[in-house]
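Dropping a structure here in structure tokens format, bear with me for questions.
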């Protein structure tokens, strides 16, 4: 059963006195999971623990049932793409991927084939024989991705993989992540770009100052934040009429008319009832609706509620 | 009652004249240098020699005037002649090298370390002004150590000895002035070039000494092994010394250069070689600076 | 309106390699986005406009001044926020911004005043006396913005301003940029890989590819058009019933995941009719918005054209 999960059980990691993460318990299923949190919140610590690069001060970690201090087993199923560039001097793109593949003990022919497949997946076939030092930032990012996945791992850990990629490369990379997620792999991505996190993730883990603040699917997480009623923005031609109808309900907590007189921002404890009510109001009062949007049903708002302004500027 | 909000406002005031902008750099550099007590003490200590020299001139003059020793005796005590001024220049210049190796490395390397040069160059400010500004830091300090007290000593002696002496020995004044400036130019360019290329400050300072002493030793070895004089091209002290001798004495050399800047008459290179060697050194430094001082790196 | 930047056949080469090929464009907006894949020449264009690279042919004009002949004057009107780290580690924040402002021509006292103001404006008031080398990444980005605006330029070049910032810092930076744009007296060129940043902050967009102008469009106009494209997100109801019902009304639809539907309303059909169906089927329409031809589509279309030429 746990063969399908990455589990952390009461894991803590300290660097001397400095806190990395404290008493974290997680269970990560297959699919795309995003790690979100301010700089210094423990994302990189979590990733390094998962990949076995550092050991926990306390607690137990299992990746698909394998403990990370057995790298000979772990590294076969796991691929890691770090945030910062680190390449051996003078190496070409092809050599970079090929030489690390050989360390898995595969034959020359198979390594060659996998390397070429990897390079083609990220679109670097033509640049493969040039030194990595001459690559642009986006190309370096892509070759790191290729190297992390060339050995077909079941778990892929990516630390800010879209950093420096132009919009086209971003959507291509996101498509690749979606494909991997769909294949049942564990794809862990850390990112600061919350609207992308919204788009691609199946689950999300929010970290702040070394603690896991929330985890799960976005809508699930949002509905758990009960102190904050749902905010919904409606743009229509008769907002006051809508507001009047809404105040007849007891689940609506607040309704704010927008300054231009064409919109309404409301807060309700029961979003489902509100939406069904909205259907009826529109038909009864011939309301012309321009747009309806939940104002805080996304990672951005959850982040704001749970983490707030973060630790520093 | 009015409520004020901190906001951005455009700038509508006067601007400083364009030509004087490079002075901003030495101003900031001097404020920074002030903070180092070691440097301040070192700098003050470097005026010891000029002070002693002034005292010697005074004693020499007054000794003969007071008839204590007699005019010839006073001249035996201390002779204010070519050697006097050359040694003064040599000694102060070597102290200047020390100072430059402490101060120099910290001038450009902080700007290069974190790419601040692109901020400098994005302003109405050119590379030339930047280098001039940085050079003037060293130039001002070194000038105050070398030709300024040198000319003051010349003036002091002239005051005691009369205007005839001054016009007879005007070469001392021009020698001190031009010789000091040649040295200042070489030292500042070298210090800045090393500061731009070498990140670790102690290494840059050490390299400055290396260029003088190690290269000189290398030159001496060449001379000994090949039984030639051309090794002296590597000896910057020799090159400078020979140039100074020409400035002070023209073509009739009587001295052997200055302390630290020995230029013996016997195994001399033709003078144009010295000038050429020094010019080449300056050229190399300028080239090094031009490569590093850029708004944006060009990657081919 | 007088163009802020006019590119007049600007060509830049590194050695023999052409990087920018005879660019021609006239940029007039308050805030102009600069997009393009890696290697398209965005940084080279900015560097060329700043005078760091000499054009091999053609020229450009900023506020009417030619960058080849009046480079110094042009630079006195510009503020530059580089993509890479750019700071003097040992100087305090205020001191380094003051130095930069003085180099731009401000008298020392005014430079000091404005350095403090700039730090408060970007939100770094608390840390302005600390050496910049001790700042966190977010603070260093804000400090770069402070030095770019302290001398009161007329045009700001912002190169990847939200690079590496965590979400609250990103929001703050975007808000600041929008505030600056809304002032009207300070124009912006924003170069970024994040389409959303450009969408939120810019009026016009210049897209480069392989050193050529691949597209140049006015986002304001795009936003005003296209009322017939809708994006809705539904919840509840029986699978596929809602979709089937609206298709029967004549809408062209496309489904995304999780109940998201993109549709085109045929002429004569009103939004209210969608709500009729929803009410009948007890389906919640949790999100409804008019999709504009968003920047992503414009960008992808521009990338597809064969040689990137407009």
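Things to note:
Letters A, B and C name the chains as they come in the text, with residue numbers starting at 1 for each one.
Following the convention adopted for this analysis, a residue touches a chain if its C-beta (ideal position, glycine included) is under 8 Å from a C-beta of that chain, and two chains touch if they have at least 3 such contacts.
Everything numeric in this text was worked out from a predicted model, so none of it was measured.
Taking the mean Cα position of each chain as its centre, B sits at the greatest distance from chain C. Central chain assignment: C. Criterion: smallest distance from chain C-alpha mean to the mean of all protein C-alpha atoms. Each chain gets one centre point, the mean of its Cα atoms, and the points for chain B and chain C are 50 Å apart.
Centre-to-centre separation between chain A and chain B, using Cα means, comes to 60 Å.
A separation of 24 Å divides the Cα centre of chain A from that of chain C. Counting only residues that touch two or more partner chains, chain B has 299.
On chain C, the positions that touch chain A within their shared complex are 35-40, 123-124, 127, 136-139, 142, 163-170, 172, 193-196, 235-236, 271-272, 275-276, 278-279, 282-290, 296, 299-300, 303. By the touch criterion given at the top, residues 6-16, 18, 21, 24, 28, 110-111, 113-116, 118-126, 294-296, 298-300 of chain B touch chain C in their complex.
By the touch criterion given at the top, residues 14-15, 17, 43, 47, 50-53, 72-73, 75-76, 78-80, 82, 84-91, 95-96, 99-100, 102-107, 110, 114, 117-118, 120-121, 133, 147, 149, 151-152, 179-180, 183, 185-186 of chain C touch chain B in their complex.
Across the interface of their complex, chain C is touched by residues 36-39, 136-139, 163-171, 192-195, 271-272, 275-276, 278-280, 282-283, 286, 288-294, 297, 300, 303-304, 307-310, 312-313 of chain A.
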